[in-house]
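Down below is the structure, laid out as structure tokens.
Chain lettering (A, B, C and D) follows the sequence in which the chains are written, and residue indices restart at 1 in each chain.
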Amino acid sequence: MFQEVGTTEMGDLIINVGPQHPSTHGVLHLVITLNGETVKKVEPHLGYIHRSIEKMCESLTYRQFIYVTSRMDYLSSHINNHACALIVEKGLQIEVPQRAQYIRVLLDELTRIASHQLWWGAMAMDVGAITPFFHAFREREVINDIMEQTCGARLTMNFMVPGGCMYDIHPDFVKSVKDFMAFFRSKLSEYDEMVTNNPIFQARMKDVGVISKENAISYGCSGPVARAAGVVCDVRKLSPYDVYSQVNFEEALETEGDCFARYKVRMKEMNESMRIIDQLIDNIPEGDFQAKTKAVLKLPKGDYYTNVETARGDFGVYIVSEGATTPYRIKFHSPGFCNLSALDHMTRGSKIGDLVAIMGSLDLVIPDIDR
Amino acid sequence: MLTTLTELTIVGILILTLFAVLGLVLVFMERKVSAYMQIRLGPNRVGYKGIAQTLADTIKLVVKEGLTPNGADKFLFNLAPFIVMFGAMLLMAPIPFARNSQIWDLNIGVLYITAVSSISVIGILMAGWSSNNKYSLLGAMRSGAQIVSYELSAGLAIISIVVLTGSLKISEIIASQETGWWIFRGHIPVLISFVIFIIAVTAETNRAPFDMAEAESELTAGFHTEYSGMRFALFFLAEYVNIFIVCAIGATLFLGGWMPFHIGNWAGFNHLMDFIPSSIWFFGKTFFLIFVIMWFRWTFPRLRIDQLLNLEWKYLLPIGMFNLLLMTIIAIMGWYF
Amino acid sequence: MSFLRNYISTVYNSVRSLLIGMRRTGYYFTHHKEIITQNYPENRDQLNLPERFKGEVVMPHNDNNEHRCTGCTACELACPNGTIKIITKFDISPEGKKKKAIDTFIYHLELCTMCNLCIQACPTDAIKMAQTFEHSVYDRSEFIKTLNKPDSKLMEGVE
Amino acid sequence: MIQEKLLSICPAAVFEENTQWPTMNIDSAEWRKLAEALKNENDLAFDYLFCVTCVDWKTHLTMVYHLSSTLHRHTIVVKAKIADRNNAIIDSVYNIWATAELNEREAYDLFGVHFTNHPDLRRLFLSEDWVGFPLRKDYEDPINMIKL
């Protein structure tokens, strides 16, 4: 079917896809070897948006370093912030008030829905349907407005602080979230009409970019990419943080491991997120939104690891502390990086059109990969 | 001799003007259609409700520098847009825009159309090859494979009408629809061949969902990646003019061209319909078909190249051939209205 | 025979679901009230940004040209990227005591990431976020702003 | 229980106290042998490598591997000490966990750790002609934004 890795024969085309290419969603640079239309090899070249966040964080205090993580996976910035807040709380053993936990989880799930909506639009655009992109943004706009109302920003909120949230929720928050849920539910059927049931879309997605369960584990895939291959890996289930242990939801799992399975997993996840929001929105307990913390935070000597489930997968923060006000070494394990490493494996022997569909289904955010 | 030459010059200039106007109108139409389908407003700043937007874009394209890449084959690179344009212009000749308004009513009109419409692929291949760009090359090769295969289905669909009318002359085909358009008179087989025709010409003009040649999310801009300025504008214009022409052909063959909506021998009703000028009938039908093709583009995802060829060889061609057989039987037995 | 039935049902189902998709776009084509585009800048007056929106850091002054900043540099320390620079001076109070006060409160808008940490850090609520968002200027030096107005004083009673 | 098992494979390992997960300190020379055991032993079956970190301790480097098992749901942290900082060498594990290939390239790029047997050890983020390894503690950026 396809030749060995790295063999470049006469007649092979080597094409640079990116860093300026419409379907790489940013500055990803892929060097692909083609035999006619068939992809023989894909080699990612990274670093076009590397800001060395890990090095920067070594000079930032435990309050300051949280805002930087919004700039990594900007589509799930809340969840990244959440991970950083959690690790500081774990190190200092801060008890987070119930109200803050509820608010955090609600905002996390809203972020996840917003991220999946953008992915849905971008996925459809990658396979050539441009209209769904705008429809997805219509719904996402409402979430952005809710974020703006409560957190003061639309994308890089920096709302989580060690010990809780920066502010209490806006008085209109509950009402606007409920309005959004009703609005989004009424529009979900359009998602199926426009894209899911479309035979062209299904033909483009089914049996494309297949990854087996074993390979998904070996490549360290996480999030929807791994769950589509049948790997149980939802951090919210495996090691629940905040109030995730108290809510009912199902982990979206598929077994095919192809692009369409990844599509279905994300669509299910949007529904599950809505279920979580439904359970929490009416029961936000009264109380503080922030725990009392010291002015200067110092993590005790040792190393800490926390992971959360972002919209893309397992996001981990590893801190090596020497007991100072700044971390000695900080490592962000980003889900996109591992998912990208499986790209070459998935695309072997497929067509160029498939490459674009697979990249879309991986839902890559380049700043997340480059950090 | 001199008068003939003058006449030809005037006709040529008029066609060129028509081209430019058509291009402007169609680009504006596409932008508005896409905007409304995408719950946007579309261009609304230049001129009244944005009408002058495409004019402004054209001026921008004309004054832009036309780059020629260093590695390109200069001669072919510069020639290609003109070939594409010529192909589109030649097709204009046998199309009747209104009653008695046809530039050249040759007796093999349908054959002429099918033959000349494949010229543009040469231009596309030239553009892709001479650009010395891998994206362009891939786009051009895809375009070649696609047009060669979809020509078959389009041809079969056209032949089914020829079978019914028994003539290749466009004016006679229209005259044969005096008592009703073929799409209504020819039962389901004509409907099927109409659908096949629309799909095939969408593919032949490289329109989404069959825009493999320029698939912007895969090949950035396909065969015209390296073109800029006026030469890009020519490709752009040729694309829209080609859409207009294939839709005009579709309207002529299946929807009666300029022929008003007639029903059998209802003389009163037919006379009433005749009050609407024939040019309005022609442009109305054509623009309706153009709208349908734009509707496709803004709804569907793009097919993959192998699926595209599967669709042709596994679905459209067998259905088309079977349909032609059915049509021949109907024509011989006289089972149409 | 089953092959033929499959073939026909594939064609039928595909065409049907394609038409459903076209009905949806056709609906939006004919229903213009669903359009969500906003006509910016014409609607600038109707834009109301939420009060928490983080546009830029400002220092509110009252009618007597007084602000609440004591010059404690808590915001400067809290800022992750050196956006704020406070230059202090010593005022001589009427009793003859030396008192620390701000001379200039320099704010680099081009460095600011709107993370809100300075506002959280401020013990006297001297600075807050404004809801402006049209920040573009022609010269980068215009981004460097002095937040305290000329000849402004510390408000009475703020320590 | 896992500790005893691991100690039998790697007797020189030192386990840390009071950590989130069992943490074992080994020498870089033993890493390859241990890695194969971790992946292939049935009651260990650490098949999911979810974090590869390099830490610069100014005197030496440490590679930190976070591993977990999707079968048994247990997690282990392996810290492999690379004593020679100027000539840091450790075995690559790309053919045990495929994700290591890209992660090791990142560690090579930013810390200068050479992974033996790595199929494609090149700079990942930085350009090929970059001098130095930026995430090391003693790296001096020629253009230092903070000092400017």
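The rule is simple: contacts are C-beta pairs under 8 Å (C-beta built on N, C-alpha and C of every residue); 3 or more make two chains touch, one makes a residue touch a chain.
Keep in mind the model is a prediction, meaning the values are calculated, not measured.
Pick out whichever of the two, A-C or B-C, is joined by more C-beta pairs in contact.
A-C is joined by more C-beta pairs in contact.
Report back the single chain whose CA centre is most distant from the CA centre of subunit B.
D
How big is the gap, in whole Å, between where the Cα atoms of subunit B centre and where those of subunit D centre?
Spacing between the chain centres: roughly 61 Å.
Based only on mean CA positions, could you tell me how far subunit B sits from subunit C in angstrom?
50
Between subunit A and subunit C, tell me the centre distance in angstrom, where each centre is the average of that chain's C-alpha atoms.
24
At what distance in angstrom does the C-alpha mean of subunit D lie from that of subunit C?
41
Quick check on subunit A: which residues sit in contact with 2+ other chains?
Touching at least two other chains: 131, 138, 194, 198, 200.
List, in ascending order, every residue of subunit C touching at least 2 other chains.
Subunit C, residues with two or more chain partners: 18, 21, 24-25, 36.
What positions in subunit B touch 2 or more of the other chains?
37-40, 298-300
Any two chains that touch count here, so list every such pair.
Between chains, contact exists in these pairs: A-B, A-C, A-D, B-C.
Residue numbers of subunit A touching subunit D in their complex, please.
Residues 44, 46-47, 50, 52, 54-55, 59, 215, 217-220, 222, 231-233, 238, 302-305, 307, 314, 316, 318, 320, 328-329, 331, 333, 337-338, 340-342, 345, 370.
Given the complex with subunit C, which residues does subunit B contribute to the contact?
33, 36-41, 295-296, 298-300, 315, 319
Using the touch definition up top, name the residues of subunit A that touch subunit C in the complex.
Per the touch definition, subunit A meets subunit C at residues 60, 63-65, 67-68, 131, 138, 141, 148-153, 156, 158, 161, 166-167, 170, 190, 193-194, 197-200.
What part of subunit D is in contact with subunit A in the complex they form?
It comes out as residues 18-21, 23, 47-51, 53, 55-56, 64, 66, 70, 73, 77, 97-99, 101-103, 106, 110, 124-127, 134-135, 146.
With touch defined as at the start, can you tell me which subunit A residues reach subunit B in the complex?
The touching residues are 13, 15, 21-23, 34, 37, 124-131, 133-135, 138, 194-195, 198, 200-201, 203-204, 351-356.
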